[in-house]
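Dumping the structure here so I can ask a few things about it.
Lettered A, B, C and D in written order, each chain numbered from 1.
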Amino acid sequence: MNTGILLISCPDQKGITATVTNFVFSHNGNILHADQHIDEQSNTFFMRLEWSLEGFSLSKEAIKEKFGTLAKKFQMQWDVYLTNDRPKTAVFVSKYLHCLYDLLYRYKSGQLPCVISLIISNHPDAAALAKEHKIKFIEMAILKENKIEQEKKQLEILKAEGIELVILARYHQILTEQFIRTYPNKIINIHHSFLPAFAGKNPYAQAFQKGVKIIGATSHYVTADLDQGPIIEQDTVRVSHRESIEQLKRKGEDLERIVLNRAVFWHLERKILVYNNKTVVFD
Amino acid sequence: MNTGILLISCPDQKGITATVTNFVFSHNGNILHADQHIDEQSNTFFMRLEWSLEGFSLSKEAIKEKFGTLAKKFQMQWDVYLTNDRPKTAVFVSKYLHCLYDLLYRYKSGQLPCVISLIISNHPDAAALAKEHKIKFIEMAILKENKIEQEKKQLEILKAEGIELVILARYHQILTEQFIRTYPNKIINIHHSFLPAFAGKNPYAQAFQKGVKIIGATSHYVTADLDQGPIIEQDTVRVSHRESIEQLKRKGEDLERIVLNRAVFWHLERKILVYNNKTVVFD
Amino acid sequence: MNTGILLISCPDQKGITATVTNFVFSHNGNILHADQHIDEQSNTFFMRLEWSLEGFSLSKEAIKEKFGTLAKKFQMQWDVYLTNDRPKTAVFVSKYLHCLYDLLYRYKSGQLPCVISLIISNHPDAAALAKEHKIKFIEMAILKENKIEQEKKQLEILKAEGIELVILARYHQILTEQFIRTYPNKIINIHHSFLPAFAGKNPYAQAFQKGVKIIGATSHYVTADLDQGPIIEQDTVRVSHRESIEQLKRKGEDLERIVLNRAVFWHLERKILVYNNKTVVFD
Amino acid sequence: MNTGILLISCPDQKGITATVTNFVFSHNGNILHADQHIDEQSNTFFMRLEWSLEGFSLSKEAIKEKFGTLAKKFQMQWDVYLTNDRPKTAVFVSKYLHCLYDLLYRYKSGQLPCVISLIISNHPDAAALAKEHKIKFIEMAILKENKIEQEKKQLEILKAEGIELVILARYHQILTEQFIRTYPNKIINIHHSFLPAFAGKNPYAQAFQKGVKIIGATSHYVTADLDQGPIIEQDTVRVSHRESIEQLKRKGEDLERIVLNRAVFWHLERKILVYNNKTVVFD
């Protein structure tokens, strides 16, 4: 079933919910989900509205035009999506392949509503996996000397392929600000710690050193601030003094796969709104 | 801040959300939360709407009348609540006092939006605790011979006190169907297992015997079917072969307190709708 | 590093720990792990002892002989394992491949200390996956008419291959008692519910119907009693009224993979002792 | 049942386990629990041994003498405890009383094997609770000007009362290094965040600001480094964008109580060994 989804944020005032739901109803849409949230600190209103497109009288273009007028009145930031438009997606990966492996399994099983059309890596390890899934694989070694040039090429490729979502599935390179600014809230990273604890390198070694009794994983949108972007999802698992760094890594891999997958899935279901370097994730 | 809350369920059709939100908006209400859910199996629509009563032009009686007309058109089952109306609550307890102790602490701290005006027990153990909190305590021993008679008295007392919510905080007596029918979806029980596993007596001993690696607690509305009412909340905790029945009990106590408290709190916040012997709990 | 592992259970009495640790020490073994547990109900003593074989003066055969004499005195049930002996393992699977897919990923990554030499299925779906990993795949359709005959063949194949561990990775056939008795505590199953809740067919549909707020998965040794064998590991995850049966299945898949993997891993690390239809799992 | 407990750490070498278990066995002790751990990074051996004192032939003094000789040979750091010796305990608290309230409930129920003989606070709020439980309450306001002097008095009081364990149950004062050095690994604090994230002041506000999806609590031994002492126990709970700072606080209170209680309980059961600013917690 094809559905329409509106994601809205604006200063709170009376009548927003009524106006928006009326808009959909007056064009013969059946509302399936209506979620809203008000951030009281900043007096901001957030809404996600999903309705059946069966019998709905407006095309996507017409929605943009008509709703746009209404949106201006409320100073809304907003987007509209149709479920059947599956975003083209690229996965960046380095040497650890467990997250990629997991994403591809879910993708092949029809669980991820996107089109994974590209895998980019600074190492050759993922080539066989990409081939097996018939996905274009591009190896681009990154050195200090060629980093900026290589990123430029990456951006050109992404543009040529029409990529709308970039997943960093354990990609061990820090993207430059310019790259990040090209895909605002469209680059999802998995960090192998419970952020803000253990940002940066070797989080499992840091966790072992500190003697924590629980480890975590965090998926977030990438911003120019390393490991500081808006958190989408986190999860944790208990560990004990018996576990070596190597064992923490293995246990953590299970978390990373699950947490990254949830974040990607919610992004694709258009359940996430970003504000104030935080996320609203409607469930 | 005083707010109004509408809880609604009805057969799904186009226009419900728009109609309901318009109703509130047209009487000058600012919607704070609008949650809805559609059960696709039964094609049932559920909604919880909360709005600020500041500047709202209708009294509770007027809401009942005006919204009633609208509700009929959609065949709604519905209720309206005002946050400032704090329901009178009775707690039933036997010999284990940890849940009562916890409820009273939260109550005293201002965390439970109700008025606990009565504690009833088939044992004397809770008398001191009740006294300390200046809550009326009634001890009523229950024997096979006097059970029906005692329950009749209990119902009279509840009626006289205007009780609207009954919490069974480890009350080890099975209520009769008649009692239960007097308070439909208004009796909350805590069962010390992860239902439907280990219903009935001695769930910790059952869990130990079975060798489960996780134990749980379940809070549910009481129905005539023992431990089979609509589940409101559950939680679990890991256990190991090292733990005796006694240790399971202690660990379980922490779960029981938290799970019961959440269920009671959500009930008081009017976040729960019941259908099909299940619950919708809006968050 | 090669290590020796002793798994012991016997009636409790003074001096067992001292005697066993002395045995290892007196033959120049450095003890790495010594775990013990006493079940007070049945007065049974359990022990797992692991020591470095570097410099240890006895061969496996000699351990069996010498320790056997000592073990008789204490009426021990016991086994000895060497870490370098990797048990030959067969995986049984039907149409859902997520658990198999996961096991093979971990196997390929060197995380599972066994040799997976055989995949048997009553459906053709896993053939490609098996081929990719260069593991022998045998498809054996199971019908009412040929079940006993097919199982006989399976047992012959397992024997011929020297299989020591059978993993049921979502194998949707009930094994006969005869099959099960051939591999006591050597068949590991994953059941997609929090046992003992929702044993038997369609546990996710049962969970949905019941309206539980948490779902689970259970890995256990297979006994003649369907879904009633000794539980090795369980885990749970929260669900809400919003989730359809289909969504429960997807969420549950993550649990199944993790729980089955843990059970298999602990079995291979020789951390599990079975008694009284329960398990001791040393960590 | 009275038991003896040995806590040992020393450089790893062959024969420690055999020697220690023999020591107990040769004096007619029945070993109930024997846990050991080897930290491979530092090649350190850790052991906790618990045995029944029924029929055991040595007094505590004799154990100290005889075992001391043996311990020297292995360069052990070690302690011996008898279960029946219940350590005298002081609780420090400020204005939030939920942790104190919880500790006292468990204490009164016989769940904490200690003697809580003193409550010290820089505020008067806990006075009634202390009185109710007939525990000596001392209010000592702490100002910049009198801090060192007041701490001196506190130390004198603790000494006079024979206090062996200090619990900081949300005590909002930073102890001086001198105080801390007087009770090494004998002061247990509860910090209301998942350390090392959000150390210092207002961790819930920090967590809200950061937009984390999970909050936590951490119990640790106090060292001169604020919130950096060896972690004993941690736990976490999910939160969402819907929850205000106030709601995080309430949810966190449940964690704090449970986490602090576990840490205190394990300390009293003598299950904790400290090394390298980390803990080994035997289960």
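By our rule, a residue touches a chain if its C-beta (ideal position, glycine included) is under 8 Å from a C-beta of that chain, and two chains touch if they have at least 3 such contacts.
As the structure is a prediction and not an experimental result, all values here were calculated from the model.
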{"item": "Which of A-B and B-C has more C-beta contact pairs", "value": "B-C"}
{"item": "Chain located farthest away, centre of chain D as origin (C-alpha)", "value": "A"}
{"item": "Centroid spacing, where centroids are CA-atom means, of chain A and chain B in whole angstrom", "value": "37"}
{"item": "Distance between chain centroids, defined by C-alpha means - chain B, chain C (Å)", "value": "42"}
{"item": "Numbers and ranges of chain A residues touching at least 2 other chains", "value": "240, 242, 283"}
{"item": "Touching residues (chain side chain D, partner chain A) in the complex", "value": "37, 39-40, 194-198, 210-214, 216, 230-236, 240-242, 244, 276-281, 283"}
{"item": "Residues of chain C that touch chain A when the two form their complex", "value": "98, 101, 105, 109, 111, 132, 240, 242, 250, 254, 258, 283"}
{"item": "Contacting residues of chain C [partner chain D, same complex]", "value": "12-18, 21-22, 24-26, 28-36, 38, 238, 283"}
